[in-house]
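Structures for review follow.
Each of the next two complexes has chain A plus one other chain: chain B in the first, chain C in the second.
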Partner chain A sequence: MKKLFLIFLLALVGTSLLALPLKVAFIYVGPVGNAGWTYAHNLGKLYVQKVFGDKIQTTYIASVPEGAPAVSALKSLASHGYNLIFTTSFSYMDSTARVAKMFPKVIFENCSGYLTAPNMGDYFGRIYQSEFLTGLIAGATTKSGKIGYVAAFPTPEVVRGINAFTIGVRMTNPRATVHVVWVDSWYNPPAEKEAALSLINAGADVIKSETDSAAPIQAAEENHVYAIGYNTDMKKFAPNYYLTSATFNWGAFYEKEIKSVMNGTWKPRKFWGGLDTGIVDIAPMTNLVPPQTKKLVEAVKEELMTHNFHVFDGPIYNQNGKLIVPSGKTLSDKDLLSMNWFVQGVVGKIPK
Partner chain B sequence: MTQNIMTTTISSAIRAGTPLLFASIGELLAERSGVLNLGVEGMMLIGAFTGFAVSYNTGNLLLAVVAAMAAAAVLAALHAFMSVTLRANQVVSGLALVFLGSGLSGFWGQRYVGMQAQALSNFSIPFLGKIPIVGEVLFNRDPLVYVGYIIVPLVWWFLYKTKAGMNLRAVGEAPSAADARGINVSLTRYVYTIVGGAFAGLGGAYLSLAYTPMWVENMSAGRGWIAIVLVIFAIWDPLIAMAGAYLFGGISVLQFGLQVAQIPIPANIMKMFPYLFTIIVMLFTSGEKMKKRFGAPSALGVPYSREGKM
Partner chain C sequence: MRLKIEKRNESASTLSVLSMSVLSVVVSLVILGFIILSLGKNPIDAYIQLVSWPFGTIAGLTQSLISMTPLLFTSLGLVLAFKMKLWNIGAEGQFYMGAFGATWGALFLFNHISNPWIMLPLIALLGAGVGAGWGTLAGVMKARLGVNEILSTLMLNYVAIYWVNYLVYGPWRDPASYNFPITAEFPKAAILPQYTANGINLGMFLAIAASFFVYYLLKWTRFGFEIDISGDNPKAAEYAGINVKKMIVIVMAVSGALSGLGGMMQMSGVLFRLQPNFSPGYGYTAIIIVLLARLNPFVTVVVAFLFGGLIVGTQQIQLFLQIPFSLVNAFQGLLLFSFVAGEALLHYKLRWLKA
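And now, the complex of A and B:
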């Protein structure tokens, strides 16, 4: 009798365990309210919560400093029964790897790093493909032939974005130049705005921002020049001059990962997905983009998605006119991940 | 072209300097009464958030600015209570204000991210705005820039030419002597800490209603700290604070102009200048004689009690 009762109890526990929602946590590098990087990740979190409903339970910890605070945040999440934890910045890579070792049953995923482990994956989006597409639009739109680029820090990721954007610009406007100003901060709205204004004063008639806030977009609207955003759709901030944005769509990736964890098919990988995976895209082009440009962008996007064409296919010249990638060759992922030189058409320097 | 660079640089310097100007004038008043309030960053954020939220919900910009000042004043009152009534450590209380301000504004502000609200726009002052170059740079601005022009000479006049201003300085320099002369030290400190907070709130409102009309978390991005440094740079003089605010503002935007012009001065060096200038000022005013004339208010950061005990 006692035995039977025990079995019954075990079965009860078992079924309740099975019915338990998957607990998914996110660690954010900034505040949710910054309208940029973290905001985009949080849109992804909200998206998966909506898709999976009560099958998952999600939480996040925002503005976690790297190092020891990140380690303790991760440990606390793991020991509170979170099964899947996304750490949404490169700066958390080492902390994630450390905590992943301590909690082998918990699955960790780090964004934009390079380390993996049996229970730790790495993920990122090929946003440079989106940047390239927005470059096509900028090149077709500029009249002065000067395009301003408000950039954060000179990391390979940002340099790659500027290069891809410029290659796109030159494809529709071979003589246009892309002028880069470094804000030296991911996030400082007034400084971002001033950076954009200095470019507009110098004659730029399209502003492309890569920093976190919509301030450069606002500066463009106020001064009647075109604006292209980053991270998320920023149309609201420049209703009369907004063209599009290069956007991350983290929700598409989070959805797939959560599904594979639920099915038990999850495996650690180095995921660097492009337009074809849905993790990156461009925001809907506004009516300011001429119809034939829209068509061109759609066609090139198709080519990129089917891998018939790569952004960094040769010939590619550097700023000094030296041939770096010959015709018929393309840059490898390794080259892309360590990029520290500008392509022809960029005006600006990479601070050393 | 050179003229163009000059005017745009001065124009940007005024824009970038205005939030610093308000915040540092506020801090200056509080410090003149002997209260060190390191919570400027937090008060600016509360001001920026409140201003934006009120503008969004009512569309009334005047109300938004007043509400921003009031909200920051409430935080400042908390600091006054801690440091005057409870005689707590002013550094600790001020730092607490920073976290309180950034935390509350971030929490309440989440639903306002990505929203659009009424913003302050430029208007040209009749006649003055028509003067070539100068008119465009100085007199075709948003209303808060004009408030900045007017408020600084007023504060200077108040500090040095009125009895109330003299009493304020007396409380910061020699509270027991002021007390003996019948000045209410606690009340004076309360009043100017709170007024100082209102100014910080005005600086915050400038950010979210005029400079970059939107709400995003921590949008002051360290300007509150620069305002505190600016008070030292200005040796507690409102007119120097005004010049310093525009100078610091100008330096912060000059780096972008230099980059566009392909003159490579590392951003880190440019960012260092405000602090470097302040250290130079401190070096020159640190002598005993200089200190008497230009130094910090003698009772700055020291809680006052009649018995002379902590």
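And now, the complex of A and C:
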């Protein structure tokens, strides 16, 4: 009798465990806001909540400072039974790895870093492919031949984006130049706006932003020059001068990961997906983009998706005119991940 | 009706000081409650979440203690300076410089030393030394040139933060980090003894030991006595043969050394590598902590612990109620504000005058 009761109890516990929703948490580097990096990640969170319904439970902690507070936030989440935790910034990589060691049963995923562990994956999108496509559009629309690029920090990710963008620009406009201003912050709307204004004053007639707010886009609209956004579709911020955005679509990736955790097939990996995986894309091009350019962009996108063509196929020259990638060659992922030099056509310096 | 402000004749009793401190916390909690309410959340729920995890569970308690450590070091540094009415706003910068010193020692100067008992004291000295130097800079400017220390220490914070940023983005960047802004990890010898898997380390105990040291310094030494006199009445101190200018420089140095030591402990005990923005403003929070603790080193330990728990607890309320993290800053601001208001009420009273 006692035994029967025990079995019954075990079965009860077992089924209730199975029925428990997967608890998924996100750590954000900034406030969710209405545009930008964290906003894009939160769109991904909302997307998976919708897709999986009551099979998952999601939460987030926003604006978590790097270092000790991040460690503490991660420990809280893991101790509260969250099974899958996404940390959405490189700056949390170290903290994530530390906490992953303490909670071997919890799965962690860090965005845009490089460390992995048995229970920690690394993920990012090849946004440079999208940047390249927006470069094609910028090159085709500029009249002054000067394009302004508002950049955050000189990390390899940003440098790679600037290079890919410039390669795109030069493909449609071989004499155009891309002028870079560093904001030294991922999110600082006044400084981002200042940077855009200084570029416009210097004669730029297309502004490409890579920072987190929509301030550069708004500055472009106010000064009647074209604008290209980043992270998410930013049309509403510059309705009359907006061309497109290089966008992340994190939801596509989060959906796959949650599925594999549910199936028990999850494995740590370094995921760096391109246009073909849906994690990156460009926002719908507005009517300001000439029809033949639209066609070109679509065609090149197709080539990139089928891997017939790579953004960093040679010949590529650096700023001093030195041949870095001979024709017939392409840059390896390792070179891309540690990129710290500018291609020909970029006007600006990487602080050393 | 007219409002008149009068100075109180009697000095404030311990009881009224204590009740004022408690009251200012209560007032800020009430105002914060309205803010939470305006976000459409239940403030009572929020407060339960705020305290239950950081103070009510072992895991949460551990985190509160770890958060306390950097706050305590920087606070103790400020206790000394504030005792002399030297308004050192630069604990943040001194903390950064301490972390810089420790990293310099651990990764570059002494990286061939493999014995932790040689390495750790060396980088502790270096961290404290660089922090002391940063404090001294403001001290000398004040003593020699009469530069207001509030301004100089505040400005030097930015210099320290950008200096660390420069190193991490530039020459100190770990070659194995794909050019990401982060230094290499500290060698094993430069890591403080860790007592539990979740991060309790020697730094915490040293921070508490430091509070005894500061207490001893202030209460039982001639130096402490001179700090007291120079703070209360610099003229009288001069007449009594105290070299107040020298005192300014020394006190700023010791104050900076304690914050610097805190930076070293954070590196060697918790973070193990330098990266940008590794401090969420410990040095600024310390200002509020020591004011609430009324410059008593032991009370400072308690208040620093409560603030450590506050940082942990706010993540908790965010997790369950999705209330933004910036609420910590709002709460700290409210606390300081109501504390300053309470302080004024201790020394002055308001009286309605019939017109």
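By definition in this document, the second predicted complex is superposed on the first by the 351 of 352 C-alpha atoms of A that agree within 3 Å, B and C clash if a C-alpha of one lies under 4 Å from a C-alpha of the other, contacts with A are read in each partner's own complex, and residues count from 1 in each chain.
To be clear about the criterion, a residue touches a chain if its C-beta (ideal position, glycine included) is under 8 Å from a C-beta of that chain, and two chains touch if they have at least 3 such contacts.
Here the structure is a predicted model, which means the values were calculated and not measured.
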Overlay done on chain A, so just call it for chain B and chain C: clash or fit. clash
Mind working out whether A:48 is in touch with chain B, chain C, both or neither, as first, second, both or neither? neither
Is A:189 contacted by the first partner chain B, the second partner chain C, both or neither? first
Which partner does A:31 contact after superposing on A: first (chain B), second (chain C), both, neither? both
Can A:351 be said to touch chain B (first), chain C (second), both, or neither? both
Partner chain(s) touched by A:311 [first = chain B, second = chain C, both, neither]: neither
Can A:68 be said to touch chain B (first), chain C (second), both, or neither? second
Which of 5-13, 95-103, 149-157 or 293-301 in chain B clashes with chain C after superposition? 95-103
Residues of chain A that sit at the chain B interface in one complex and at the chain C interface in the other, please. 31, 351
Of all residues in chain C, those that touch chain A in their complex: 53, 57, 59-60, 63, 66-67, 70, 169-170, 177-182, 197-199, 266, 270-273, 275-280, 311-312, 315-316, 318-320, 322, 324-326
Contact footprint of chain A on chain B as seen in their complex: 4-5, 8, 12, 15-16, 19, 106, 109-110, 113-116, 207, 211-219, 221-223, 252-253, 255-257, 259-262, 264, 266-268, 271
Going by the contact rule at the top, pick out the chain A residues touching chain B in the complex. 30-35, 39, 179-185, 187-195, 197-199, 201-202, 213-215, 218, 236-237, 347-349, 351
Show me the residue ranges of chain A that touch chain C in the complex, using the header's touch definition. 25, 31, 59-69, 71-73, 75-77, 79-80, 90-91, 93-94, 102, 113-114, 153-156, 337-340, 351-352
